[in-house]
Amino acid sequence: MDLSVIAFWSFSTLAVLSAIGVVFFKNIIYSVLSLISTLIMVSGLFFTLGAELVGALQILIYAVAIVVFYVLVISTVPEYKGKAIDPKYMLLSLPVGFLLFLELAYVSVYGAWASNTGIFKPEVLNEIGNVKAVSTILFTKFLFPFEVASLILLVAMIGAIILGRKEQVMDEEEVK
Amino acid sequence: MELIGVILGLVVKSVIFVIGMFLLAAYLTLVERKFAGHIQQRPGPLHVGFHGLLQPIADALKVITKEDLVPDFVDKLLFYMASLLAFVPAIMILAVIPFGEKITLFGYELKPYITDLNVGLILALALGSISIYGVIFAGWASNSKYPMIGGLRKAAVLIGYEVALGFALVGPIMMAGSFSLREIVEAQQGFFGAFIWYQPIAFIVFLFAILAETGRTPFDVQEAEAELVSGYNTEYSGMKFGLFPLAEWYIATFVLSAIAVILFFGGWNGPHIFGPFSSYIWFLLKLGIVFMFLLWVHWTLPRYRVDQITELAWKVMLPLTFINIFLTAFIVVIKG
Amino acid sequence: MVGEGYLGLVVFGIVSVVIGVALLIVNRLLAPRIPDPMEGYPYECGVPLYDKSSWLSIDQKYYLLGLLLVLFDLEAAFVFPWAVVYKEIAKINAGFIFTEMFLFLTILIVGYIYAWKKGALKWQ
Amino acid sequence: MVKVRYVERPTLSTVEKIFFIDFVYGLKTTIRNFFRKTITTIYPKEKLVPPKRFRGTHAHRAKDGNEPPSFVVLAKFMEIHDYESRCVACYMCQQACPMPTLFKIEAEQLPNGKKRVTTFDMNLLNCLYCGLCVDACPVDCIIMTDEFENAGERRNQCVIHKDDMTERGISFDRRRGNEPDRIWIDDKAREKLWGQIEWT
């Protein structure tokens, strides 16, 4: 058996198991812990598939920044609220989750069919490394999406500030 | 069969690295205590062994034979896991750090690192931040006020320094053109090739981030002895407690100063005056200087407030890193 | 093969976990167990507990900065690949790669200044 | 009315902000201390001699001929031999003490009409070493010595009695009686550490 196959199966099993944990743990902190585990396992999957840069950035952004944000949010939620399970949300979340799954499945199947190796043959990749290949592609072929990404980030930042500021909320109440 | 051989070799090497790091960290406690003592005009450990040379062993024995207390209201699993969560990522940074050049000894090729990754720097950065979770979860699991406040403070500090640290690393990466720590060292040849001459701003920001990440003094809000008894580890005892200072104060500081040496001081580059081990000696020498500087800062400065740390990070350090990125872009173009 | 370098990392991680757990277990085995009625009491400077749990809601002053952290880390994720290839592309076409990142960073610095002016970087 | 005076916080100049001048000053101070000689005493091996005014374990002065005039008057009613405790059982120390249960003083009437102190116990576990009893004593009997190692293995070892207090008082007077009353035994050592003091 090939090593990468073993790695792929163990990482994906662990990722799925901890993803189930995220959903079914009643204690909210355990959910966050298994979320960290899921994210690290997914980055392990990226590593086994050879996408080093994406894997490392996955750990850096998801496992650090986003989870820290979750921890902050959780610290504002009392423990008893974190434990409550309300089945009525399932009515909404199950179909939406299924739709998302369908979309992801479509994209990945379509992508597998439509993708080509592009200018980077495996020999070239081994020579210059995955990181530089991704970067070169990003800054030459996908230049426009890259610049648009900055605009999206700007919009997200402004939105976050407007939503998150406490004074703003007070003002809206006064207007009403 | 070949694979099993490779894995066995890696296991042996990892065990040597981990045990070696443990012994080193134990003696780093002695170094720190001696240094802190002399800075305050007292001699530090003196009685166990010659000038306290056996003190770390006595401390280790004490920590390992202490009663393993678990307070009443804690979340037991998380309580144990938090100390591991602080320790494992901190020591895992060691795996990506190269300590010198490859040497051939008695026909064997010795590699002074576990792995050399193309994305070593980002992984080191990410693992260093993950070890902060140990502190945050320790605070949460203890279910007591002081640890809780300590953990949340650490989260606030993390929010502060993380961004500045990420952007500070962009400068050296641009100069070297790689994330691999080995290649970054190889890009700094000669005395004036070291990146500290081109990246002083990035170095200051990086120093700030190291101090904040390892919880050393100007930013040690998570265990501020004067306000929160001992911060996040108030409820801990025995080896569970021992892993925290080991991970945060010694292993993380050691490893991050190694990264600082690699990024800014040319790693193991230096004149070959010590024979075959020259590169190791240079590396450890530079690492020792950076480590002692961190200790020096720790035992000099008073403590910042939490909001001051975040404001410092977001309003001073982050703009500095932006400036640094633009300056470096010009420098690289001019240097060709 | 790219993945092989990571074998060492995984092995190292497992070894360090095993050693960490072993230390905890050794402590558990060696340590004396002397039960005391108050030994499990949370430390509150000797004052009786005000409330048993501290898992209550805490007014988090850094909620907004946490959001901004996510955004800026995403931004860093775009800057890192740029920094890697900058040196090589700068040899070919320096103006192009510089302008590209200049635009990207300028847009984000605008957002940063907006956040500063709106007081999002403050203790709320 | 209370006048509140606001003190402006000292601000750093631009040069100081940019080059971390105050930070460097701090580092300089600590590294200077690093190369100085240590000033600690290695306690169980070396012991400092405390100043004469040190408030250590209590003692009784003996009747040795240096008594104040008040004692000469009171001694006529007391049965006190030479080199015994001067205590006249006036209970002034107990009155002055902030702790009501610290002293246990008992006296008896002898058939010849004189008074003899039978018990003078002090429970030092309750003592906060404030020295009020020393001030209150009318016959200069109870004093505080320079002995500071009064830890015991059991609680009842911390109760001191009249006889050992007298003994301690005699030895204290013999050791330190003629010494000038000041804190620093060596003025030069003080000047080296703290510098010259300027009196106004």
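When the chains are written out, they are named A, B, C and D in that same order, and each has its own residue count from 1.
Assume contacts are C-beta pairs under 8 Å (C-beta built on N, C-alpha and C of every residue); 3 or more make two chains touch, one makes a residue touch a chain.
Note that the coordinates shown come from a computational prediction; the quantities given were computed from them, not determined experimentally.
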Practice item. Check A-B against B-D and say which one is joined by more contacting C-beta pairs. Key: A-B
**Study point:** Interchain centroid distance [CA atoms averaged], chain A/chain B, Å
**Key:** 27
Revision key, fill the gap. Cα centre of chain B to Cα centre of chain D, whole Å, reads 49
Practice item. Calculate how many whole Å lie between the centre of chain C and the centre of chain D, each centre taken as the average of the chain's C-alpha atoms. Key: 54
Revision key, fill the gap. The distance between the C-alpha centres of chain B and chain C, rounded to whole Å, is 14
Study note, to complete from the structure: Residue numbers in chain C touching two or more further chains are 2, 6-7, 53, 55, 58, 60, 62, 66, 68-69, 73, 76, 80, 84-85, 88, 112
Revision key, fill the gap. Two or more other chains are touched by the chain A residues 3, 52-53, 57, 60, 64-65, 68, 72, 75, 130-131
Exercise for review: Answer with line, ring, star, complete or other to describe the graph linking chains that touch.
Suggested key: other
Exercise for review: Throw together a list of every chain pair that touches.
Suggested key: A-B, A-C, B-C, B-D
Practice item. Would you mind writing out the residues of chain A in touch with chain C in their complex? Key: 3-4, 7, 44, 47-48, 50, 52-53, 57, 60-61, 64-66, 68-69, 72-73, 75-79, 126, 130-132, 134-136, 138-139, 143, 146-147, 149-151, 153-154, 156-158, 160-161, 164-167
Check your understanding: Can you name the residues of chain B that touch chain A in the complex?
Key -> 3, 75, 78, 81, 117-119, 122-123, 125-127, 129-130, 133, 136-137, 140-141, 152, 155, 158-159, 162, 166, 178-179
Check your understanding: In the complex formed with chain C, which residues of chain B make contact?
Key -> 6-7, 10-11, 13-15, 17-19, 22, 63-73, 80, 83-84, 87-88, 91-92, 94-96, 114-118, 122-123, 140, 142-146, 148, 152, 155-156, 159-160, 162-163, 166-167, 170, 173-179, 229, 234-235, 238-240, 242-243, 306-307, 310-311, 314-315, 318, 322, 325-326, 329, 332-333, 336
Exercise for review: Show which residues of chain C lie in contact with chain B when the two form their complex.
Suggested key: 2, 5-9, 11-13, 15-17, 19-21, 23-24, 26-28, 30-34, 39-45, 52-55, 58, 60-62, 65-66, 68-69, 72-73, 76, 79-80, 83-88, 90-91, 94, 98, 101-102, 105, 109, 112, 116, 121-123
**Study point:** Contact set on chain A toward chain B in their complex
**Key:** 3, 27, 29-30, 33, 36, 52-53, 55-57, 59-60, 63-65, 67-68, 71-72, 75, 129-131
